[in-house]
Amino acid sequence: MQQFINTALGGLTTGMVYAAFALALVLIWRSTRVVNFAQAPMAMVTTFVALAVIDAGFSYWIGFAVALAAGLVLGAIMERGVMRHVQGKGEINAVILTLGLFIVLHAAAAVVFGNDFRSFPAPFGVRGIEVGGRTVALTGFGIFTIIAVLVVMGLLVALFRFTDLGLRMRAAAFNPEVARLLGVRVPRMMTLGWALASLVGSLAGLLIAGGSLIHPSYMDSVVVLGFVAAVLGGLDSPLGAVVGGLLLGVTLAFVSGYLGSQLVALAALLILMIVLMVRPGGIFSTTAARRV
Amino acid sequence: MKRMKQVRLTPVAALVASALVLSACGAGGRDDDDGDAADSGSTVGVTDDKVTIGAHFPLTGVAAPGYNEIPTGARAYFDFVNANGGVHGRQIEYVVRDDAYNPTNTTKVTNELLLQDEIFAMVGGLGTPTHSAVVDQLNEEGVPDLFVSSGSLMWGDDPEARPMTFGWQPDYESEAKIIGQYVAENMPDAKVGLFLQDDDFGEDAEKGARQFLEEQIVGVERYTSGNTDVGPQIAGLQGAGADLVLGFNTPAYTALARLVSLSLGYEPQWFVSSVGSDSPLVGSLLAEFSEGAVKPGAGALDGVMTTEYIPTLDQGDDPWVQLWERVWEEHGEKGDLSNYKIYGMSHAYALVQALQGVGEDLTREGLVEFMEEQGEGLDGPQLAPFRYGTDSHLGISGMRIVELEGRGSKELTPVLVTDIGDAEITEDTSGQADDAPPESGIPE
Amino acid sequence: MERISRLVGSTLARHLLVAALGMVVVVMALTAVSDFRRFQLAEMACLAIAAGGLTVLTGLNGQLSLGHGALMAVGTYTTALLLPDRDASTPLVLVVLISVCTATLVGALVGVAAARLHGPYLAGATLALAVAVPGLALHFRETLGGEQGIPVVAPPPPGWAEDATYFLTASDLTPRGWIAFLAWSTLILSFLLLANLSHSRVGRRWRAVRDDPVAAELAGIVVGRSRVSAFMVSAAAAGAAGSMLALVVRLAAPGSFTLALSLTLIAAVVLGGLGSLTGALLGAALLTFLPQFVTQIGRDAGLDDVRAAELAPLVYGLVMVLVILLAPGGLFGVIRGALTRRRARRALAARSVEASTSTRPDPDSPPDEQLTDPSGDHRTATTTEGAPR
């Protein structure tokens, strides 16, 4: 029983991290109709920036803020400098471009920051909290993770549902021509979308790193799992991304704990295929049949 | 359209024709001159003033952190030897190639080392899956393949099949046997959980441990290297009620397992194999986590039991460690000395010693012959002698069990030696553990 | 109609001729170079076969697969299981064929799922495939050998090959030379099949589906079936590549089939030029020879081993990004563009009116699509009769 609860709680925390990553993918998808496979190395780079700041003697929170800011800037640079040039030239080109960036950022980070294990601090402690005299697998940092992801999700829902800006971003992504005619400054919206997504991605990177070890490849498994989480939720819905992340995190924790950790990736593939076959639009799809 | 095609066909046809003619011209008669290859083969990579050796290591990718330091240590020691005149007047040229822990790349870089860099021998190639991709090739082509950086049995249990290959560190099975017997004798009531890396390391270790602990093992958990979320595995050990965890894992996973157990409030006694107990590394990894959950400094692993087969960084008084510090200071790259680098220096020392021993007329066959005949008696930092001989090419034969304590460690047993299978575990009588390097730091 | 069939006929003849020429050049090249280059060429052939299959899938059919490394793994493991020792009785040709069939079968399964997906969904699903498949080797360790993998014993060269080599070159056939010869023969054979297939009616359907699935459906093409068939063909190529890789590496281990391998295949396809077999060959060559070259430059520039080793991925990632940004047609597209422009200028001088239409080919389409692809007529001819079912 204790193992069951602890496995579930552990899955919950990792699931929240997948959710954060999925939120970043959803944000880019909503604002530019591109799936950014370079999200993980981008977050890895900003996490290393945070570590550099912390190593220089600043507090964790300054490092945290710098990483988020770096994410914002990096996202904008990526969009302006690279992605803009393939906008509207076929989705394959955009996907391949993000894969190219994946390779470049990876290698560049290994050259600049070195290819070593580094530990990354976590605020609020890495000890499990005690409930009724027993320790449960939920750390202070884990609770911070859950709250942070929920807050970000809430903000994104609010952005897209209640603000004029969110509406313009969606319009720019969905139909750039019409949006332009309606007076939306499409390029600016796309840059903004990338910048915000990259910021959320950096948050995901910081949350995964906290209380664990980082190295240039530490986000690699999240590339696949975060994507699966986003697709479970339909790639379009922030709420869906979070629910997808949680489902995936808990399921994979049980697969890893009870069946074997070598099957984690296979289980993720199976879940993805089943969802895509049964509900191509994701669990939260509103339209019955959408082309995926 | 059609006419254009015909126009384009003509040059193609012409090319084919001329190519056929050319290749026909290349056809030669038989002339028998395959005589000179045989005797020159054995001194490949050796000149009057240079001997070239090679190695494959993961310098990039997921497996690189940590392992990529081993060749920097070895290189520092070779530079040290070279600065002091080399071996029999020959400078050692050390060529390291990156295989990213991918067997395809290992084959590629090994071919590069053999055919382009023309190495004399492979020294310290790292990893079981990676090295097993090239071990047959090295043996078929008669290339000495010394001190493989892996504890698989494969490098030494069948010298007839792999005459050129020699292991280095104690094989995983022997190590697990020594640990298993210690636990069975001294903690007969412990409920043992095994935390294993999901490859030959974990597999061989489980085999060794079960020889003594079959009755005591209550849970076995395996983690896949690269998947850093070990929460479910540790929760499994906790659920099985294990109060003594034997970890056969790499240092990063020692740190991860300890962290997860903190969050689970799980406090078993830990017994980590030599591979994963790099206490300065694990300690520094653990120490950076905040809130005082883990005490800073190398004391983070206090009370953890482990084994050692070469002196490590925390033993600052050991003459070997003092030599390594001197070497690193004089010839190291940037960064501090680490146990991974010491590992590299230790096998570099053994190589230099073997090259000294073979004498001035260096051949591949001569080196292997020397290793088989006199390899057992090689000095060096290892605490127990090598097992090299005509029946076995396995490496270091034993180790001692220690408990980590502050910046150092407390010996729990004398050096124990054993072998694979049901060989007995006995106390080492060779005195290998008490020797010191020569004043010069270079074997004679 | 008659004109079309004659055109197809001459395409086949031309492909055969190029293949024959290719074979001669390969034999000459393999005898002329050092043993190390032979090994590199064998490795390049493996990469090129898989990239050739992928370029057909992605370039002609518009499906982006990041999971071809996993399909190669299927081929490699099949070969490894069929070649357990030196006395293995299964003839090599049969081993390779069985490997190709197994990979095709797996490709069909993946293809059925993939046919319903597009763009990023397909990319993500195949990405998951690439990461998931190596885990199977760990799970079924009894049969698949776990992390250490299964050793492969490459059969020694047969007598006739040794005699032929001796007759042609007056030197002995090395094992590496034999493997390289096998790999390149497989490469030429598979490229011949791929080239003919993509110029056949099947290939035209693939392109029609890529360009506009709805229109293709209206024209009577079953889009799903066409996608699955493209996936199967490309999986077959991956299987052949994997089978050859087993002989080159002499080990089937999960560590060989990393995400990096699948990304390398994509890089090869993109660098060379999407949809072009020549491009796949160029890309594979680049990725085989570039890393060593770049690492050497890094080392000569005084970088330590670790940093020099990172240079290779850095450079090829950068080149990949630049190619997509500046020359979406890839290297082959650049070369072809230059040739076309030159030819066009010459033609312009002679017949100024007619040549102007052929100066700007679609960079995504293979070289002679304009010549042989009658899909335009085909589509308009059938839309009237072929109502959607």
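First chain written, first letter: the chains are A, B and C, and each begins at residue 1.
The rule we apply is simple: a residue touches a chain if its C-beta (ideal position, glycine included) is under 8 Å from a C-beta of that chain, and two chains touch if they have at least 3 such contacts.
What you see is a predicted model, and the numbers here were worked out from it, not measured in a lab.
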Inset, instruction - Determine the shape of the graph in which chains are vertices and touching pairs are edges (line, ring, star, complete, other). - result: complete
Inset, instruction - Report the chain whose mean Cα position is at the greatest distance from that of chain C. - result: B
Legend entry - Approximate Å spacing (C-alpha centroids) for the pair chain A, chain B: 37
Inset, instruction - Please compute the C-alpha centroid of chain A, do the same for chain C, then give the distance between them in whole Å. - result: 33
Inset, instruction - Indicate the residues of chain B shared as contacts by at least two other chains. - result: 59-61, 64, 68, 198, 224
Legend entry - Shared interface positions of chain C, touching two or more other chains: 135, 138, 306, 310, 313
Legend entry - For chain A, residues contacting two or more additional chains: 107, 110, 115, 220-221, 260, 262, 264
Inset, instruction - Report the residues of chain C in contact with chain A in the complex, numbered from low to high. - result: 58, 62, 64, 66, 113, 116-121, 123-125, 127-129, 131-136, 138-139, 259, 263, 266-267, 270, 274, 306-307, 310-314, 316-318, 320-321, 324-325, 328
Legend entry - chain B-touching residues of chain C, taken from the complex the two chains share: 3, 6-7, 10, 14, 17-18, 20-21, 24-25, 27-28, 31, 34-36, 39-40, 43, 135, 138, 146-149, 151, 166-170, 172, 176, 245, 248-251, 253-256, 258, 260-261, 292, 295, 304-306, 309-310, 313, 371
Legend entry - chain A contact footprint on chain B (complex, rising order): 59-62, 64-66, 68, 198, 222-224, 226-233, 235-236, 238-240, 251-252, 255-256, 259-260, 262-266, 281, 284-291, 293
Legend entry - Residue ranges of chain A touching chain B (in the complex, touch as defined): 2-4, 6-7, 10-11, 14, 60, 107, 110, 115-128, 130, 134-140, 142, 211-213, 215, 217-218, 220-221, 253-254, 256-258, 260-262, 264
Legend entry - Contact footprint of chain C on chain A as seen in their complex: 29, 34-35, 37, 82, 85-86, 89, 91-93, 95-97, 99-104, 106-108, 110-111, 114-115, 220-221, 223-224, 227-228, 231, 235, 260, 262-266, 268-269, 272-273, 276-277, 280, 291-292
